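There are structures below to look over.
Common to both upcoming complexes is chain A, partnered first by chain B, then by chain C.
Here is the complex of A and B:
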């Protein structure tokens, strides 16, 4: 077990290195000169531009820039933005917002996904099973920005039920609808996953054996059907936690939430290489760690799985 | 004559109490998707008396399992009892509400299901799953209370024991009990070797959670201890066990060794036989009066099957449990049950005392069953050479084939074949096959027999060149197959074809039957579309399947039909050798019989050679000319079939022969 954990952690190193290199290269290859863009409509002062380039190592070849970034990153110095703010401060401001949004979306998809999945799975063929299935199909097939914009327009602008935008320091109610939009697709997948797991587990032989023991319907459902059905659901949820953080970009953009997604998008536009790479690395780490936790959780939930 | 009297008396005693289970004119329907009713059971009646073993025999789809599940109130899917009555202990149970059924299951009726692999929940420990059975029926509370009460009254004169309120040995008190027993023996002058003998017997007998107070006292009295002393010891030290002791006790009653440790393990750490023992422990945990055993051993090896049924018999006899035993094997039914009920297409076609049904079958279906039962057939001789017409044809073919081509007598020769596997986390290699040599004679059948894990399938895979041997050679037509590559290998594949065990898994569900059979022809680029179509028709005709199946898919066919398709596919390329890896093990007896006859006839017509892998010696007798017996990867016996059956040399072979169900039954041959 310890060996397995160590191996998985060591495996993260090449993943992180490769991903940062890739993202760095992509930012480097972006068209346009970020320094020139800083001057806006004013004429470019070549001396100042050169000074800025030197300060941000933009005058050096790509690979040197990347290695310098890595060297600093190891000492937790992620450099500054072009506006002079330390990158770490920007991230520290944006992350809590996204984490709040992500956790709300996660709770939404977990609670409603599992509840509707159970209702559907236990009542296969009934009319409300069909309704739940249709809604989940709709949520899966419509892109989130459509759901987001449509909800924003009707619920926010027309009927004023929800705040139209969230702003820079959003509270629970500001984030409620964006979180629902963010979690909606995963919720639909969870409904379908839980439904198919439950309806197949209910026909398992061990469920019949449990009934033959004289167990009541309720405890057979809880102990044998739900317990076994939730294993894949829980692993799906775990993997989704990481994906939610990265996937927040669209909802944050629609509802003007100043989180990580918003920040990433803005910094890509401005060509802020250090910022983009730092954020992506962090998201990547969260994703990889979530995956590792899911694998460990999987082993804890299903005794047939053992890592060596 | 005397045994008959005993049996009659027993039967009279059972009948005097009235039936425990009485099923009358039972009708069970299933509803199809388009709302049509399918009558799975029609007007079936049978009864089970207390303590009696009654067997329901029939092929799959005959309604035998459905009848049993109707009794338990566990009909699957759309199944519904639509008529007739089911009485348990005189109480009508067919219309009960689910909640009322919950109360009956476990305490009144228990189930030992068919497939031990799928009937235990993989996520819970074995002990937990036994505990559930006790808990569901309030036996856990009763147990703890009873133990506490017994402890409070320890040594007192008050007897706690009533009918089913037993007091068991606890693991904590066991050492003290054994010491007391030793002292008691010393007191009556039993010392030295004799005392050791008694103590050893006690240690074996006194399983915590299973052995009761009065049996401890009884054992002591039998050993010579005075009645009063024995009861004082029993009352003082047998004061009830914990729930965990009880669980371990139940498991060890079901024949699971080292039960306390085993109870903490998960199902996937158990073999099939061990899982079935755990399921028996679960089925009997709450001491039901009726145990429904639904093909409890058909998924297991024959030797394991015998052990488990022997144990189940012993256990239900000592507990006085009646058993409704469901099986497709008439021989097995006759050997185990006092009464047989034969079901066919949802109806009871015959019922009566076991031997009577077997010796004087009345219904044509029962007659077919008697003729087809492998276990019974094994008592007669049906080897290929002695089967009149076929044998002649076969012999002629032999001579013709060999004269023309002047080929060697042996088509496949295996020499010093060894296969080692690396086990995870272990240094030493595991020898799955250890120095095995034999040869398959042209136009004959060689059977490899052994339990699962004996390495027989590994040999088959090496002969098929699906696995590379660690050492040794396989030669086909005098050529070493290890060097085969490219065209040569393709040619080898064309002439040596496999038929695998599981007809459900060996056909691609996405391929139509036509495509499945045509595929080998296409791969080997034989003929054009038209000639291939003609060939597929011929092949289907050969395996006695209608042309109309060509457009159908595997899931629309039964197991036997699929296996015919698999054989047709293997025959497509006109092979010389067919390797049958447990090709009939998964099939019903009647279907098995048909497939074996088909293989026999094909051999006679085409001069095929078979390498037949099986764990079932009964099948061997029907098909093989020579037998190779394997145990733990080694070849332990090699002789002609008749020789092996008449004079088995190794104890292991004798065990395998003994394990054939119904092997010792005397048939009144007509």
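Here is the complex of A and C:
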């Protein structure tokens, strides 16, 4: 187990380095000169511009810039935004909001996805199975921003059940509907996944064996069918936890939530390369660590998988 | 030969013989091995096609897709109005004769724009899927087939692309091509971040197909590894790739709309559902119907491809067969 963990962590290093290098290269190649943009309408003072470039290491070759960024990132020093704010402060303001939103969306999709998936999978062909399937298909095929707008219009504006926008320091009820919108597509995928897993597992030989041994229907379902069916669902959930943080952009944009997605989108538009790279690096780390945790969780769920 | 068999009495257990052994005459061997030559030969694909034809999901989604492709190819059949002809006098105007969906904020005909938007969304979806399937299959197959350091290297590259959140990566790349107004930039971005999942599946499925007997047989008959890969292994590993390709076609259309919604996808001069939905959101509170029509068109298109993917999956993978 320890050896496996070590090997996985060592494998993570080139992936994180490669991905940050790729993102850094892309952001570096963005058109427009951010230093010139800082002067706005005023004429560019070359001496000042050169000084700013030196301060942000913009005058050095690309690869040196990247290495300097890495060195500083290891000490959590992500430099300053062009407005002079430390990047880490901006991130510290935005991350808690997105993490709250992401965890709420995660709980929503996990709980409802698994419950409806089980109901559907155990009652294939019943009318409510068809209804659940249709709703999940609809959620997948309608883009999140349409679901978000429709909800905002009907629930927020017409019927005033939910707050229309969340504002800067959102509480549980402000984030409830945005989190549902954020988690809705993944919930639909989980329903479909759990349903097909359960219905194919029910037909397996080991279920017949368990029944033949005289096990009650309930314990066959819980101890054998569900345990086996949930392994792919757990994989999906683990990968999704990281993806939710990055995908929060749409929900945050619609409901005006000042989280990471909102911040990233604004900084890309403003050409704040430093901020973009820092956020993407952190999201990458979250994503890669989530995947590692999922792999470790496998062993707990499936006794056949033991990491030597 | 016949003499020896006949010395054994039929249906009688001899001393020392634990089980009943049927006498040979009871099941003539030639009957066991007999192949019904009048039945048509079925390959996996023919079998899948037979299952598909009977699946109502396939028929419904197939008819819808044929209709959608027809609209995309010949939008002029459905409307005579130029989707780019806009008259501000008609801004947010109600539906009237010849304009069943009314007008958007710019005073363009919503029906015409919805009809003409089909071509854009469908082109983006089909082109992205083609590139993703080609590139993903090739890279995944090479990684799975050669193994060793080739696999290690390609798998790390796949991991790198897989770990970048799609939306963030797409925004950064599209920001570089802000000035370009072709749909290719969106197609290429979708393909750039989409090929990884196909490559992963192709890799796994090629690794599985590589160890099957037909491959050894083909090598014994003198075929080269490359010939094996392209004429035996890849065709046998195609099933899961076709399934994910069909389903992702729909999700690429959604992604294109999402990027256009964020204002960095297709240029505003291109008639597209995503762009129109994004335009309509500013007047959502007063004129929700302008947003409604392109959204419904988008949803039906995506739904058709996802249903088609489900039907194809049921046909190609008997284990997951529904109902």
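Following the convention adopted for this analysis, the second predicted complex is superposed on the first by the 300 of 308 C-alpha atoms of A that agree within 3 Å, B and C clash if a C-alpha of one lies under 4 Å from a C-alpha of the other, contacts with A are read in each partner's own complex, and residues count from 1 in each chain.
In this section, a contact is a pair of C-beta atoms (placed from the backbone, for glycine too) under 8 Å apart; a residue touches a chain by one contact, two chains touch by 3 or more.
All of these numbers come straight from a predicted model, not from anything done at the bench.
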item: Combined model on chain A where chain B meets chain C, clash or fit; value: clash
item: Chain B or chain C, by number of chain A residues touched; value: C
item: Chain B versus chain C as contact partner of A:43, first or second or both or neither; value: neither
item: Partner chain(s) touched by A:227 [first = chain B, second = chain C, both, neither]; value: first
item: Contacts of A:216 with chain B and chain C, given as first, second, both or neither; value: first
item: Which of chain B and chain C A:138 touches, first, second, both or neither; value: second
item: Partner chain(s) touched by A:157 [first = chain B, second = chain C, both, neither]; value: second
item: Stretch of chain B penetrating chain C in the combined three-chain arrangement, among 135-143, 369-377 or 639-647; value: 369-377
item: Shared chain A contacts, counted only where both chain B and chain C touch the same residue; value: none
item: Touching residues (chain side chain A, partner chain B) in the complex; value: 203-206, 208-217, 219, 223-224, 227-228, 231, 301-304, 308
item: Residue numbers on chain A that touch chain C, as the complex places them; value: 11, 14-16, 18-19, 22-23, 26-27, 29-31, 124-125, 137-138, 140-146, 149, 152-153, 157, 196, 199-200, 242-243, 245-247, 249-250, 253, 261, 264-265, 268-269, 276, 279-280, 283-284, 287-288
item: Sites on chain B touched by chain A in the complex; value: 72, 74, 76-77, 98-99, 102-107, 109-111, 113, 115, 118-125, 132-133, 136-137, 266, 268, 279, 282-283, 285-286, 424-425
item: Residues of chain C defined as touching chain A within the complex; value: 156-157, 159-161, 163-169, 171-173, 175-176, 178-179, 250-251, 254, 257-258, 261-262, 274, 277, 281, 284-285, 288, 291, 295, 298-300, 302-303, 306-307, 319-320, 322-323
